[in-house]
Each structure stands twice: as C-alpha cells, then as structure tokens.
Amino acid sequence: MTTTDTSAQVQRDAEGRLRHLITLEGLSRDEMIALLDLAQFYVRSPGDLPARDQSLAGHTVANLFFEPSTRTRVSFELAAQRLGADVVNLDMQSSSRVKGETVLDTIYTLQAMLADVLVMRDAEPGLPAYVARYVAPHVCILNAGEAHLSHPTQGLLDALTVRQAKGDFSKLKILIAGDISHSRVARSAWQAFSTLGVEELRIAAPEDLMPGANEFAGATRFTNIDQAIADVDVVMALRIQRERMSGAQIPDEVSYHRSFGITADRLAKARPGAIVMHPGPMNRDVEIASNVADGPQSVIQQQVTNGVAVRMAVLATIARNVQARRHFQ
Amino acid sequence: MTTTDTSAQVQRDAEGRLRHLITLEGLSRDEMIALLDLAQFYVRSPGDLPARDQSLAGHTVANLFFEPSTRTRVSFELAAQRLGADVVNLDMQSSSRVKGETVLDTIYTLQAMLADVLVMRDAEPGLPAYVARYVAPHVCILNAGEAHLSHPTQGLLDALTVRQAKGDFSKLKILIAGDISHSRVARSAWQAFSTLGVEELRIAAPEDLMPGANEFAGATRFTNIDQAIADVDVVMALRIQRERMSGAQIPDEVSYHRSFGITADRLAKARPGAIVMHPGPMNRDVEIASNVADGPQSVIQQQVTNGVAVRMAVLATIARNVQARRHFQ
Amino acid sequence: MTTTDTSAQVQRDAEGRLRHLITLEGLSRDEMIALLDLAQFYVRSPGDLPARDQSLAGHTVANLFFEPSTRTRVSFELAAQRLGADVVNLDMQSSSRVKGETVLDTIYTLQAMLADVLVMRDAEPGLPAYVARYVAPHVCILNAGEAHLSHPTQGLLDALTVRQAKGDFSKLKILIAGDISHSRVARSAWQAFSTLGVEELRIAAPEDLMPGANEFAGATRFTNIDQAIADVDVVMALRIQRERMSGAQIPDEVSYHRSFGITADRLAKARPGAIVMHPGPMNRDVEIASNVADGPQSVIQQQVTNGVAVRMAVLATIARNVQARRHFQ
C-alpha cells in the first residue's frame, strides 16, 4: 500500500470539505484555525466539568486500534462520549485477526452496523487512506496514529497548546528534538506549524535519526541540541525507543540523555518563558529530564487536555460536513 | 450437560411467552414473523442514523463471551445501546475463570447487580439452557452462539435478509453449503426456514461434513455443489475451518474452493437474481469467491445491518415480556 | 512506599470532609452510618429496575485495575453509569505499562482529560495514598482493593448486609474465618465493625494465617473454627488461595475444608438465624460448603447487590464533597 501521497486528496469530498482526517497535509491555514478555534471552545480547566454537547447524538464511533494505545483511545473515547455519541472499542490485536478476517471486511461490517466514525491506529503505513477509498459516503475515517507518517490530531493539539501559550505563530521559533525520522508526531507538527506560518521550525536529531533531505521542507536541521535550542520559544521533545538508540550508535539511555535530553541547563539557552512539550508517554530522564517535565515551563498536561478538545472539534466538524453533504444530495 | 432437547421449553415462561432466546426450535411461524416485523421496523439504510428508542431504558445488558467474537459482541452492544440500555462487557477468557469462579456464580453475581439481560456465547453446548434454569424470573438469557448447535439471532437475520430480497418464503429454494455438520448457523437457519415454510431447503456438504440422518429433517442433501445450486433462489455459504478440511480428506483451501466454493460459474446455475449470503467472517476465495462476495447478488453487508435490527427486536420483545409478567404477578 | 499509616489523613480535605476513600480507618461512626443510609436508599430488590439518578452527571470515572477483577470492576462501572457518569476502563496489565509509563504519569494524563474519579485496584500496598497526594484538588481516588490492606467499599457492603439482616450492631457477635493474615476484606470489615460497635468480633484462622498481634485490636482470636463459630450471629468466610495453604502446612483443599470450612454442621453451632457471608468469588467446598453458600442462611447474593449500592453512595458522597469545596473556594 503506497497511498500516503494521496491521503491529502482522499480525505476530501467532491466539494472539497474535509470528510476524513488522515493527514494535516493540504489543510489550509483557515481550516486549521477553524479547528483550533472550535477546540478552544471545548477546552476546560482541570477542576471544571468537561465541555459537553450533542453534536454527535445518534452517531456511532468505533475505535479500531491495531497498535495498542490506552491514552489515545481514552482521549477519543471521552471526546466522543462528551459529544453524545455511542462508542464501541475493538481490540484488534486479539479479536478479528484471530479468524483471519481482512481489515476491509471488518470495516464493511462496522459500516453495515451503522457505525459512522471509525478511529484507526496502525503501526503500518497506508491503512487509513486505503480504507477511506472504500467506505460508504457517510463514513468518516479518523487517523489516530499511522506508522511514522501521520498523527493529525496530535499535530493540532500541539498547535493549540503553542497558540494558548504564545499567541501569534509568526514570531515563533519552534524546536522539535529527538528521533525525528521515526516520528509521526514530528511530521504532523511540521505540517501544522508550516501551514500556520512560524518564524522558524528547527529539527534536531542524532545524525542516524535525521529524516531524508526530501522531508521537512523549510525546517532548519541540527545535530547538536545545544545549538538547536538557543533562543527558541518552544521545545518539543520526542519519545525515543531503546531499539532506535542502537541503530543510532547510542549505547544506552544515559548516553542519550547526556547528548540529546532536554535538561534544565539546556532549557536555559532557550528564550525566557519558552515552553516545553512532549507527546507522552515520557521516558523520564531519557529524552526529557524529570524536573523539566514537571517544571514551570512544561505544558505537557495542557497538551493532554487540549487533546480531548481537539478530538471533539474534529469529530464535530467531520459530523457537520457529513450532514451538509446529506442535505444537498 | 445434555440440555439441548429442552432448550425450547426452558426458554418460555408459564404463560408460554418467550422469556429467553436460546434456540429457534419450537418458535411458531407467527412468533418468527412478529420478530421479523419488529426487526424490519428497526432497519435503517447505511447513511441514515440508526433507529433508536428507549425500550430498554433502565435495563442492564451484560455480554458474557466465553468464546471470542468481536463482530457479534459489537452487534449486541450497539443493539442494546440504541434501545437505551446500560451495557457491560465481560471478557470471560481472561477474567473470572482466572480465579476458578463457576459460571453459575458469575451469573448469580451479575443478577445480584441487577443486570437483567445476559448475552452468552460459548464453544461448548448446553450452557445457555443450563443457566436459564437457575436465573431469577426477571433475568433473560440470549444465546449469541452455542457450540455447533444454535445461533438464533443469526437464523432470524438470515430469514429477514431473505424476506427483504425475495418476499414470500413459500416459493423459495434455499441452499446452505459447506461445513453443515459443525455449523450452528446452518442449524438455526434450518429451523427458521422450516418454520417459515420454504418450498425446498437444500444442504450441500462434503460427505464427511454432512450431519447425521436424524438432523435437518425435510432438507434435501447433496454432496455435489454444482447439482445443489441449480435453480435455487438463495445460496448461503458457510465458513470452513482449516482443521475441518483435513477431517474431510480435503488437502487445502485451494482444493476446497475448487470442489465446494461458491464461484461466479456456480452461481450462474442458480435462478437469475439469486442472492448470496455468508454469516461472516469470510475466508475469501475459500468457501466463497471474492468477486461473488462483493458482487451484485451478494447481500452479505445487508445481513450485518439486519443483525443489529434483529437483536434490537429480540431485546425489545424479551424486555416487554418480562414487564408483562411483572404486571400480572 | 510506606504510606498506609497516613491513608486515613490523606483521604480528607482541609475541612475534614472525605475527599478520597482509601481506608475505613478514621471514619467516624456517623460517617459510616450516613454512607450506609445513602446506600440503603440505592438498594433495589432483584426484579426491580436499578436505582438511578444524576448525581454524577458530567463527571468522568476511570477504572484503573492493575490487578484484574471483573466482578469489582463491573460493580463500580454499573454504580457510576447509574449515577449518570461517563466511564472508561483501562486495563493496566496490558496497556500503559507496555510503554513503561509511570503510574503517576498515567494519573496526570487522566486528570488532564478531566476524569475526576479514579477507581484503583492494585496487588501492591501504598498506591492509592501515594497517588492521592499528587492529584489535583478536584480528583478523587477510590480504593477498589489494595494488597492485603484495604478494601473499603467491601467493608461497607458487609456492614450494610449485616444491618439489613440483624439491625442493631451492638448486640452482635461476628466471626470472620479463614486466611485473615492476607485478607484486605477482613481488615476493612474489622474497621467497619469496630467503628460501628459490635458486641464481639472474632477472627478464626489456622495459626500460620493469623495476623500479627498488633493488628485487629479488640478481636477475639481462635484457631479452632468449631469454638469460634459457637453462638455467633454472623459468619463471614474468606477466600483461601491454594498457595497460602502450603504456607500453613495444609496439604490440600479437602484438608482445609475439613479443618476450616464453613459446613452445615458447623453453622448449626452458631445462633439460630445466623447469616453466612462471603466476599466472592467462592471456592465451593473449600472455605465454604456449597449447600451452605446456597442455603437459607446465606446472604452472599445480597452482598453483591449491596456492593453496587454502596459504591453509588460513595461516589455520590465524594462528588458532593468536591462540589462543596468548589463553592466555598
């Protein structure tokens, strides 16, 4: 399946409206701003009751996680519940694959049960766009994480978090640091920040974890984290997996922390008031120092709160677009 | 537990109303028609929002799947949610058996928590009828698949699908083809179609997968699929499991497809406009050719849609019967 | 983590209201009576629809079970649903630990998603009180079973069951029998009955399963079950695990039953009308004879019914206390 080049087209209907959300590629600045504005409308502070409306009343959301992720599944589940949807969870590791059912047959089955929003996560590339080509007109595919390629709601929640803390994107220097080459979080963040128009986007990675030259157009590349972090407004640390370190000739977690971790000393080189982000779950004292993660410049928990709000905004927008199509057909 | 001969009695209350649904055996034609009519009332087309009412408001449905089946569990779960019930899922592989709790104690526990509809699936025969003898008067057992014996909601959804496509049962020749001997789907379909009164019911299987002579009364038996399919209005293919093939001296899936698969060539021998059914999940190009499964005569996705509607009809009927008993006691 | 000595303090807010429920230690008699009265208000008989209100509307309950327990998870899930809460289940065996996320990061994540009641069960001691120190002011921790130490909702449901059957606690002799040393059920029951003021609390265990002398203050100790059971009003049998028997020089389940099981003969030595309790799941004919478990003196199923009611009462009380804090801040 080599479908990623067309995910941007596949996710739109004949009138150009967003029908699925598979990638942030091709979204206009106005579209992103509209999603961020609606998400902001759904944000509540800890201690307040969550926002809640009936935008998805009567709709059925199915979570299909071929790759396990409790955090992201719960975030989508709560977003859907708070919009009044019915939600079913399918653990795709254990169940349908047992009987050798093809993914497309699973999708057709859910569609025939009148599930109309399918949230998918998969370790392989291509499934969301592939499936989106075959589903009925009223069914929406939401990409909840696809290989190293795309995690669009994460990109949006990162953008929302930056906007809340820093306002105007055009004045900002943003650093994404870590295992860029394997990171869907980095790719979706790059798409969001490029489209929203930041002053400078930097990526910093050990040489072996740097993406190919044809990717991350417009970003400044660093292999030295101390140079990369200088004077930035936003530092986004990425999760590093132990098996990636050895591929990058890094012997262990301590070495990684020493050469690439976001520490208090390094953070001091960023602009005063710079914020620190991480998509979670964190390896504390590996890609990020524990005292930085819990420190005053960290907005990591705010990212989680924004994640539910962004997913509510995406669900509500997609459902509204489906209804618009229905009324004009 | 040798209880199947009495499942038909156990599922009725003192006034003869359906209290559980364990088997289609013993249901009258009028009872089946009433269930199909109510199910039809709940059917919606893909693209419409699902039917929804409050027939089960205040009730609690527990899904107890001792044999895994994501499709059937989700179908019951959505049916119950759309009728306003609370739903809990118990994965019986991993949980209560860990501590050696007896099934009956699990049932008593759920009943004491005021769960009043227990949906059960098990690979062994006898559990639903056994449990039905012990539960309190307000608790209903729904059989969601029992060994090779019974899958009553599948039989009803198959009947509903045939009625939608073909109308009057009395003019129809229906073929069920494949591993009849191990199939609960075939047994429940035979019960439904016999009671509804089809012109001819045919079963076709390799010799070693043909049921005993005392079963499937009234059905015409074939071991040659090409003869069996001639002039039928409905072809229902059954799932074949690889381990059954070797028992039937069939070396592999290719051989099975060649000798017993429903192919376009074979389908051409049926009546024009014959429909093709499959209970899912399919082994594509084994018991059914992929192009037949996706072809214009296939009603396989309609079966899935009808499955939710039939389960809503059964849940609503059972709940109404419980309430009727309550008011007259 | 050695936090159990302070669980009683940690669970109260600055005004002394219950903010979490981690232990029954330190609860006053009036507090317990208020919880039992509210639980009684939520009790319904089998055959009636469950009690239901909107005390938790808008709230989100997350079930975090680090130790599996389908019964207790379903009991909390139904209690929360029947009070109008949104509920999410996290299977902590399989999911977040996969990626090495710390428990505290999981808690912070759920809190940032605006989950405000976290129901936790763990085989190790200390986690609920540890977590309670770090959560935001609006988040409540409910202990659903902690090592051998604490199971507060079980203690309350046991007290409620005794009160329903016997009324005035001050006249009662209560026996808890079995593996006292490893039992959180016994410890929470002891706290409840001590606070409510029973005439005599007896504990009976094989010598090697007797708790240390500094525990169970005020209880009379027996190693002979036949002496212990004489003239009691309540017999509470505890679950015995096979691996504990060998530690106690008991060769097998038959021997355990002979020397410590609650049999009809032994029960005849208790007061006429004595009730028999068990927290479930039972090992039938090990710690309790099957005919006693199902006999006329058994209130084991009533305990399960009371379990949901007690959890509703705890959830509603905790939520009301959160709201009280909010209004006066």
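The first chain written gets the first letter, and so on, giving A, B and C; residue counts start at 1 in each chain.
Assume a contact is a pair of C-beta atoms (placed from the backbone, for glycine too) under 8 Å apart; a residue touches a chain by one contact, two chains touch by 3 or more.
Just so it is clear, the model here is predicted, and its values are computed rather than measured.
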Chain A turns onto chain C (C-alpha superposition, degrees, nearest 5) by 120
Taking shared numbers over all numbers used, above half giving same and below half different, the chain A and chain B interface sides are different
Cα centre of chain A to Cα centre of chain B, whole Å, reads 41
Among all residues of chain C, those touching at least two other chains are none
Note: in the complex, chain A contacts chain C through residues 44, 46-50, 52, 68-71, 74-75, 77-78, 81-82, 280-284, 301-305, 307-308
Note: in the complex, chain B contacts chain C through residues 58-60, 62, 86, 88, 90-91, 94-96, 98-102, 105-106, 108-115, 136-138, 326
